Every structure is written in C-alpha cells, then in structure tokens.
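Below are two complexes that have subunit A in common, paired first with subunit B and then with subunit C.
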Partner chain A sequence: MSTSAPDTPLIAIVGNPNSGKTTLFNLLTGLKQKVANYPGVTVEKKIGECYSQHGKKLRLIDLPGAYSLNARSPDEAVLRDVLLGRRPETPRPDRVVCVIDSANLERNLYMVSQVLELGLPTILVLNMIDVAAQREWHIDAKRLSEELGVPVVQTNAVTGAGLIELKLTLSREDLAAPQWENAALPEGVRAALEHSRDELRQTGAIHTRSSLLEPLYLLSDHDPTHYGIADSQMARIHELRGRMEADFPGWEDALVAERYRRIEELCAKVLKRPDQEIETITTKLDRILLHPVLGFVNLLLVLGLLFFLIFKVAEGPMGWIETGFGALGSWVEGLMSPGDFRDLIVNGVVPGVGGVVIFLPQILILFFFIGIMEDTGYMSRLAFIMDWAMSKVGLNGKSFLPFLSSYACAIPGVMAARTIDSPKDRLITILIAPLASCSARLPVYSLLIGVLFPAGRVSAWVQAGIMLGLYALGTFGAFFFAWVFNKCVMKGSASPMILEMPAYKMPAIRSILLHVWQRARMFLVRAGTIILGISILIWAASTYPKTQGDTSAQQMEHSFAGRAGKFIEPAIAPLGYDWKIGIGLIGSFAAREVFNSTMGVVYAVESEDDDNLAPLRDKLAGERRPGGGLVYTPLVCISLLVFYVFAMQCVSTVAIVRRETGSWKWALFQLGYMTGTAYLLSLLIFQIGSALGF
Partner chain B sequence: MNEDWQSIAAVAVIIVTVVLFAIRAVKRRKKPGCGGGCGCGK
Partner chain C sequence: MSAATLAELPVGSDAIVQAMPTGRSCLTRLREMGIVPGTRVRVTRRAPLGEPIEICVRGSHLSMRNHEAAFIAIRSAVGA
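Up next, the complex of A and B:
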C-alpha cells in the first residue's frame, strides 16, 4: 500500500458530482495546482497545494466525482483505488474532505458512509448551504458532527463563505478516526466475504493486509476497472461474485437498503425541513428552461449568443495576435540575412504557429461559456431538452452529455460514453461523437468564414449565424447517423435516461477562469510543441528538394508537399480543391487545426517575399488558379467547410476509439464513414453548385 | 549567419524535429491515450 510523505500530508477531496468539490479545491489551491492523467486511464488527476493556519504545507488531491465506492465507471474506480491506496503513483491520502451538497443530504451521505468506513480521518463539508437555506432546510451541523464523529464545516464554495473555518479544520492535527460503524453484514455474507478475501489473497489480487472492504468492492462492482488486477484475476472475481449471488440472492441490494435505513435515521436527527417543498428559483426557472418549446428556443438563443461572442468579442484580441506575429516575422526578416534558416522561421514557424495561436481568444470564449453552462447547472437541462431529440434517433439524453463534451474535444466525449449502460447506445454514441464540431474545427471554420465573408462586409451576426449553421449541420449529421446505425447496423430498443438536475447556482467565476487558464496553457503548449513541429516539417516538405532557377511557385510545385498535393489532386479536383488545398488536407489528417498552419506555411513559402507577412485570410481570398479564376470561390469555401464538418481528420480520436471499442473494426468503420460522407457531400455541393452557375 | 550555415541549421532543426516526433510516437505506443496533449485536458 502506498502512503503519503509524513511532512506534507495529502488530503483527498471527494464527493458526488455537482457537489461543488472542484470549486472548493480551486478556492483552496488557486493557481498552485498541477493537472495530469492517472496512468492507464484518461481520468484527470488534479493535485494542488495550500498552507495550514500554522504555515504547514498541505497537498490536496481533487478526486473524480462519484455516487458510491462501488465503481461503475473508470472515474469512480480511480476514486476507490486512491482511497484504498491501490495506485502506486498516488499515495493513500492521510485525510479525506467529503464535500456534500446540503440540498441533497441523504443521497450524498451514501458515499460519505462508505468513506467513513475506511477509517481515515475525515472532515465533512456541507457545501451549497445557501441552496438548502432557500428550501428552508435546517441542518444541525453540531449534531451531525457528534453522530459521525468527524468535524463538520458549512460552506458556500461560490462566495467563499466558510472557507476560513475549513482551513482551520484542515490545520487541526488531532483529527480522530470517524465513529461510524461499518455496514452491518449478515453473518453468512461476512463469512463468504472472508472466504473470498482468502481466495483473492492467494491469487495476488489483493494484498495480505487488506480489510473486508476490499473484497466487498471487488465483488460488488459490476463494470469495474480494477487497477493492477489481471484479466485472469478478474475471471476469478466474476466466479466468486456468481457464487455469492447464488448462495445469498440479493445480498448487494440488502446492503444498500441497510445503508439507506441508517442514513434516514441519521437525517431524522439532524435535518429539519418543511412538510411541503418550498418553491425555489430552480423550480421557477425550470418551468421556462425545461419547457418543450420555450426551453428549445432558449437553447438556440444561448448558442446564438455564444457564437456571436466568439466572433465579436474575440475580434480585437485576434487582431492583436495577428499584428504581433506579423511584427515578429518582420523583425526576424530584418535581423537575419537571407537563407534557409531565416526562411524556416519567417515562412515556417511564424505563420504556422501564428495561424493557430490567433484563434486562442475564440477557444477561450468557448471554454468559458461551457464552464458557465456547467457551473450554473444549465448543462444538465440541455441534456434533458435534447433527450427528446435523442429519443427520436433511438438514443437517450445520457448519450447527449458525451456528445456535448465532444464540442470541446471528441476525446473526452468518447471517454464519457463509458457512463452509458447499454453497449449498443455506447457504441453508437462513440461512432457519432466526433461529428460534434470540436474546438479544433473552430480555427478552420473561422478562417474559411473569414475568406467567404470578410469582416466589415457582413456583420458579426451573419458570421455567427454561419458558424451556428455549421455546428447545427454536424449535430444534424450525428443524429442522422445515430438513426441509421440504430435502424440498420445495430437494431434494438432505446434505454431510459436517469439524470441528476442540480439546483441552479451562481457560477464560481474564479474557478471557471482557472479552468480556462488551464485550457489556454494546454493550447499554447500544443502550439509550441506539436504545431511548431508540424510547421517545421511542412516547411521542409514545401522547400525540399531544392531546384535551381525555379520561381517560388515552381519550387513549391516540385517540393515533396507539392508532389503529394499533385498526387491527390485528381481525387479532390471534383470537390473544387487545387493541389495546395490537398497539401492542407494531408497535413491536417493528424489534427484539423493543422490545416491553418499548413496553409500558412504553404502560402508563405510560395510567395515572393513582398506579401508573405499578410494575414493568411487575405492570401487565401486573393489566391488564383493558373487560368486566373479565384481558388477560394464561395462554392469552394462551402465545400471545404462541409468537408471539415464531417471528416474525421484526428488521429488521436481514431486511437481512442480503437481503445474504447477494443478493436480496429469500429475505429476504421468510423474513419471510413465520416471521410466518405465528407467527400460525398463536398462533391455534391461543388458539382450541383457549379451546374447551377454559382 | 551566412547562407551555408543557415542551410545546415535548417536541416539540423528538421532532423531534431523528426527525432522528437519519433520518440513521441514510440512513447505513445507504450502509453496510449490523448495524454493531455490534445487540449481536451482529460
């Protein structure tokens, strides 16, 4: 078992989803936190630091939200494994802070009771105390503390109320182990678990000093990801579980019922609430926001506002970044004598990295808005509203949450599909998730919309409308394919959805800004590493082999990149694309936003120096074919936009889908159907548009 | 930096980039997943 270093105690922050756990963690640690992944799973690991009242350094770990230690998802499995000290890279916490939503006391106390049974010194935080007060709920914190034998602190993580009391409690060194008695196990079940523990010890699945809780969680987790337990051991666990179920039918349900009975008893002592539910702001707002018609209209307004902000508010900072990169290029050009290295910087690195970094403000606005929707509780309403639409294509609202995550990035979206119980629904959700327009598509959309409708010629509302249309097209495409897969590929009935509706609350702006800052840092690190590397390679491919006496345009045509573009030109010409766009398509196969950096490098290398620092958008708008016609006609721009709405163009997603589905079959199927659809629709748009004279 | 040295420097940068990408690809094979590099933060 791994334990923490004694001089810097490790404190785990645990709680149900939507209990305000992460907001509290952010409030305690501020910028002193590090985000990584738990090895083997794509679950975020957040560790931060704060200081006790006596100046002693404390390490805090924000564990994934869960409803129970009986893990049903990889997130919950991480929580359980860390608390049991099973993960070698994460020491077992010295203390636990259990954050609970005061307005959902009974449900939250379920996991608290399991955590208390672990015997670790625990602090109970009654968060969202304001929401409970709105309902006229009175929780006797002193009595609760006496009953559980742990300190209880009341907080409001949004306003920071109770934070000082929490810090004072964290500073206490005399925290005793909780007084909560372990779940009462019927004698037969206890004996069977003890027997199972011996068998599991023999196979090496658990260590020799394990408590009875470990076999209990191993045997009662129905979709477990047990860290460090081999497949052969899992087979043994399945066998033991089967035997337990045969000998003591319904033993797990009986344990759950017993636990809730004790929680009810406890609540009767500590909680006073009115006989009738008080109408809260949440119920009043939900009458509008969950209304079948008004709710949907509101959803469209919210998304319309988002895209308007993306175009209007981001305009200024994007201009500054563009000017900054232009000035940087000019400065390097003036500083160095002509040569390959200067070309590499001025025509490769600066336009390549600049072509992606320029979209940072838009991506930050997107993440800020998503943060606001999550923090206020509106995101769950969005899933509820969309449940109706999802049911039309044979899925449910539970599939919408992974789909919604995919608007930020398809990878967490595909991972989030693990929460879907039905294997059929899960697979279909994975297959359609990358059709949600992710943040990597945003730079490509913005660039092409800028070429199609330059700023100043149309209003930001029109640009926002087109962007919204592209997002809607991807969403519609996803629904259409979900319906097709349901009807033709994987037939079966839809499964019902169970979704928690958290109370509305004011967003914790500080916490959201911290999240946005983390995303900004990741985006810039990516621009400074992957995008920088790809820009260098694209420059090399566009520059070599060198030919004597050729113009820049001829040189580009003879380069490796030019040859690759020319090679695929016959296949993409019917879509209206020339060989240079072909280079962009090949380059962006790894990641969509690379299209911008590739085009930035290609046009910078090709230009005869006089306009190589002009914005990429202007270069694209002025690009002409050998015959004199514009390359980026409105029809070509639309064809290209539609291509990027539907094409996979993301190697990381292909790899994750392969891992999540367990075979290449579905990953390649997805790559094929998305690329095929993108090609076919772009072809139809260009050919029909051309025939109609556009 | 004269033109010859610039050519050598450019090629050196390209080789280093290729090597770094190769190392990254090998590491990724050992530890699949986005690894936080995709910007998703997961």
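Up next, the complex of A and C:
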C-alpha cells in the first residue's frame, strides 16, 4: 500500500455534500492549492498545503463530497478509491479528517462509520455547530470522542471558529486507529466476500493485502461509469455480484439498516434534540422561498438579477476589455513594421485572445452568483421549484441554472453543469446548453432581421417578435433534444432525483472567491490555448495566399477562406446561400458574431462602429446574384436565421465541452448533431419555401 | 393507513417506514440517506404541481419525486 512521504503527511478531508468540507479546506490552505483533474474523469482533485499549529507542514487533499463509499457516481468512486489506496497517481492518505454537518449528525455518521472502518487515524470535525444550536441540538462531543476513539473538534467554517483547535489536533502524532467495530456481516455474506476477495486477487483487481472492505465496495459499486474499475475485471465483479444477490437477496440493504441501527444507538448516547422540529430561520425562509406563488416570484427576481448582472453589469468591463485589446492592437500596429507578422499579431493573436478574455466578466459574475446560491443553500430550492418542468424532458431541477446561463454564454453554462451529480443528466445538459441562443447570436439576429424587415417597413414590435421567436425556437430545440437523448441515446438507468435541502447559512465569501478564481484560470489557460490556436488558423485562412494589389474584398475571395466558401457553395446552395455567405459561415466557427465583421470585409463595407449595422444591412439588402435576383430574399434570411439558431459555431464552446466531458467524442457529437440539425432545417425551409413560390 | 406509501402521505403528517423493496439502486441510496424500515418520516412540503416532495428524516430535509416515494410503504406513526 503506497503512502506519502513520512515527513509531510497526507491528510484527506472527507464529508457529505453541504457539510462545509470545502470551505474548511479553503480556510486551512488558502491560496496554497493545486487544482487538477483525476485522470480520465472530470472530478476535481484539490491538494493544498497548510501548517499545523506547531508549524509542521501538512498536505491536505479535498476529496469529493459523498454520501457513501458505495459509489454511485465517478465522484464517489474517486473517494472510495483514494481511501482504499486504489489510485496509482494518488497516495493513500495517512490520516482522515471527517467533516460532519452537526445539524445532520445521524445521516452524516453513516459515511463516517464507513470511513472509520478503514482503520486510518481519523479526526472528526463537527462543523456548522451554529446551525445545530439554532435547532437546539446538543451534541456531547466528549462522549462521541470516547465512543468512537477519535478526537472530535467543533468548528464553524464560515466564521473560522474552532480552526485553531483543529490545527492543534492536526499536530498530534499519537492519533490512534478508531475503535468503531466493523459492521457485523452475516456469516454467509462474510464467507462470500472472502471468496470474492480471493477471486478478485487472482485477477489483480485488488491487491493481496486488502481487507474485506475492498471486495465489499467493489461488489456494491453502482456508479454507471464503473470509474476506477478496469473493464477486464468488471465482468468478474458482475458475476460475483449476481451470485451474491442470488444467495443473499437484499444483502446490501440489510447492511445499511444494520449500520443505521448502530448509529441510532450511538446517537441515543451523544445527541439530545427536541421531539418536534424547532422553528428555525430555515423553516421560516422556506415558507416564503418555497411558497407556491411567492417562491416563484422570488425565483423570477433572482433570475432577473442574474441576467441583469450578466448582460448589463458585465457590459462595462467587457467594453473595457474590448477597448483595451483594440488599443493594444493599434499600439502594436504602430510599433512593428508592416508585414505578415504584424498582421498575424494585430489581426490574429490580439483579437483571438481578446475574443476569449472578453467572456471573463460574465464567467466571473456567473460563478460568483452560483457560488452564493450554492453556499447559502438556495440552489437546492431552485432545483426543487424547477424540477417538475425539467423532469418533463427527462432532466432534473439541477439542470435548470446551467441551461439558463447558456442564454448569456454557453461556456459558463457548460462549466456550471458540474453542479449536476447525475453523470447522465450532466452530459445531456452540456449537449443541449449551446442551443440556448447566446449573446453572440444577438448581433447576427439583429443584422438579418434588419435585412428581412428593413426599419420603417414594419414596426419594431414585429422585429422583436421575430427575435423572440428565434429564442423560443432554440429553447424548444434544446428541450426536444434533451428528450431525444434521454429516450434514445442514453437509455439505461433513470437517474432518480434525490436532493438534500440544507439549512440556509451565510455564504463564505472568501471560499467562493477562491473557487471563482480557480474556474476563471481554468477557462483562460485550458480553453484559451485552443481558442488562440484556432484564431490563428482562421486568420491564416483568410490572409493566405497573398495576392498583389487587390482590395480587401478581392483578397478575401482569393484566400483559403474564400476558396473554402466557394468549395462549400454546392453544399450550401440548396439552403439558398452563395459562396460569400459561405465565408461568413466558416468565419463564424471562431465565434458567431464574427459573421458580421466577415461580411463587412466580404462586401467591403467600411464601418467604424460595430453597433451601427445600417451600412452593412443596406448592402446585404441590395446584394444581387449574377442572374439579377436578390441574394438575401426573405426566405434566405429565414433559412440563415434558423441555421444560426441551431448550428454549433463556437470554437470556445467546443473546447470547453471537450474539457468538461473529458473526450473529443461528445464535443464532436455535439458539433455534428447541432450543425446537422441546422443544415437539415434550413434545407427544408428553403426548399419547401421555394417550391411554394416564396 | 394500511398499504399506503410515502407518495400519498399528506403534507405535515408523520409516518413510520414499513417496508421498502430491496435491490433497487435508487432505494439503496435513500436507505443510505437514512430512510430504512422503522424510520420516522414526515412530509414537510409538496411542490405546487404535485412533485417533488420534501420530507424530513432524522432531522435532515430531502426531496424526491413521487416515483421513488411510491416504493416506500408506510404505517401510521400513532402510538409508535
């Protein structure tokens, strides 16, 4: 069994979700954290450093929140595997700190009892003692410590109370193994597990010195992805599990009941609580926030605030970033001598990087907002209220916020899907999120609606109505595909919605800010590199090969991008598009709003002001085909609008989906199904429309 | 209240879990979250359109859909 170097002990922090575990970890380690992913899975691996009260250096690992070592998700599988020393890249921890939500003592003791059985020196942290006090729960910490044979520390991670005592306890060298007796296994089950252990040892699924717990947890693994268990061993485990189930039906459930029986005995000794639940701030708030009418009104207010922050408040900083990068471009332009290299920097690299960084204000705001909602406990209420509607398309309430965020930008939306525990629901949410019409589509919609209905000809209400219709179309598409994926692509275990409704508490702002910073950095570093590379590619495609003495419009026509536009013309002609639109579509794969600037170059429209679409709009409206007909007929505009609603034309999102799903497979699948749908629908619209004589 | 299930329990009422079918993954998770035969449960809230429901068990508040709750057979808490 591998353990870390003896001079810096590795301490695992474990606990149920909502136990304040991560807040405590952040409080202990501060900025001295390294965040990475466990290989092959999007479970965050956080390792940090801190010093004990006596100045001894300690390494802390924040393991994923879980309810049980019987894994039901990749998160829980990681927890189980690290604690059992099954992960090659992560040493088995030397000690464990179990963080408990004191106001949920009984339920939290369930996993604690599993962890104690592992025999590692353990410290119990009774966190959120203030919430327990509100409920008039009295926990006899001394007695609990005596009963379990482990030190017990009481803390409040939000205020930092009890932190010094915890650090003192972390200094102790003499931590003994816990006294908790392993759960009594019925004789038959025990024999069967011993047999399974022998069998699994032979296949190498478990190492030779493992206790019975390892076969126990492998046989009771319910994680649909079987993360951490080799495929070659899965068949054997399935077989053993089947045999176990046949010989001892319900053995797992009997173990759970036995465990709770012993926890009840323990709680009778250490916990005094009122017979009836006391009126707390949580029950009072829930009466309003989960009220059938008031709760919904409040939810609309919260979402209104979120949209206001993302669209309006973020606008300022986004403008500064845009101006800043513009200034940087001009500055470099003045600094360097003309040439391809300057062109690459000024027209490729700077706008490419700027195009990524510009999303940063929205990402920061969104993650801060989500952090507050999660940390206070409101997120569970939001999921509770929205669950019914989301269940109609096979998702659950937790998918709502990531999807909604995608109306601002799919990137934070996809990243926010991490809050969904069910791997299947999370994947479906990620797959449909970019169908929400994001803010980058807005300029394209505006331009094309302007061409379709020139101002003055119809009222602004009709234009707004069309705009609303496009948003509705995207939303409908998202729900439709969620339903399809749920029914067809990802059949199998329906994921139940079991949601904890934690007590409301004050948010730990510092901890949230740390999280926001980590997310922002991840976005800039990981997505930024891919996006930068592709921006350079697109720049090169529209710059080379060079021709002499051409106007920029002619240059564009001769470039690779122009040739590509002509190359794809046969494919897009049935949709009603010419090769110039083709260039716009290709350019849009960098980002949708690039359509406008690309078309500006293609039609050689000089416009200093990005917000003023009038010159380009008039140019498009007047553009004629070689035969004399209008290029942008109403039908072509509608076909093009529908294409933009459905097509996946955003390199940044593809990069983020690749990152968040851990493979190119789903990112490419998404690219394919969205763009395929866009193509088919636009084709149908144009062909049927033409046949009908529009 | 014979043969009733948690899905039918009115808001504000208490009951004792009588039985739960074994071998279902979603029910095993509910067990691990503290709902085992013999446990006292109370429905504290029902979402406006009928689900999910919020229940209180061992002092913790959980919500679930009727689909899961309907597997949990309950008996009267009176005299328990």
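We take it that the second predicted complex is superposed on the first by the 439 of 694 C-alpha atoms of A that agree within 3 Å, B and C clash if a C-alpha of one lies under 4 Å from a C-alpha of the other, contacts with A are read in each partner's own complex, and residues count from 1 in each chain.
Here is the rule we go by: a residue touches a chain if its C-beta (ideal position, glycine included) is under 8 Å from a C-beta of that chain, and two chains touch if they have at least 3 such contacts.
The model shown is predicted, which means the values in this text are computed figures rather than measured ones.
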item	value
First, second, both or neither for A:Arg262, with subunit B first and subunit C second	neither
Which superposed partner A:Ala655 touches (first subunit B, second subunit C, both, neither)	first
First, second, both or neither for A:Asp340, with subunit B first and subunit C second	first
First, second, both or neither for A:His195, with subunit B first and subunit C second	neither
First (subunit B), second (subunit C), both or neither touched by A:Phe384	second
Touched partner set for A:Tyr67, first subunit B, second subunit C, both or neither	second
Subunit A contact footprint on subunit C (complex, rising order)	20, 22-23, 25-34, 36-37, 39, 45, 47-52, 54, 56-65, 67-68
Subunit C partner contacts - residues on subunit A that touch it in the complex	67-68, 70, 72, 103-107, 110, 135, 137, 222, 245, 249-250, 252-254, 256-257, 260, 273, 277, 286, 290, 292, 296, 380, 384-385, 387-388, 391, 397, 493, 496-502
Sites on subunit A touched by subunit B in the complex	35-37, 39, 41-44, 336-344, 408-409, 411-412, 415, 439-440, 518-519, 522-523, 525-526, 529-530, 533, 536-537, 540, 591, 652, 655-656, 659
Complex interface listing, subunit B residues touching subunit A	1-3, 5-7, 9-11, 13-14, 17-18, 20-21, 28, 31-42
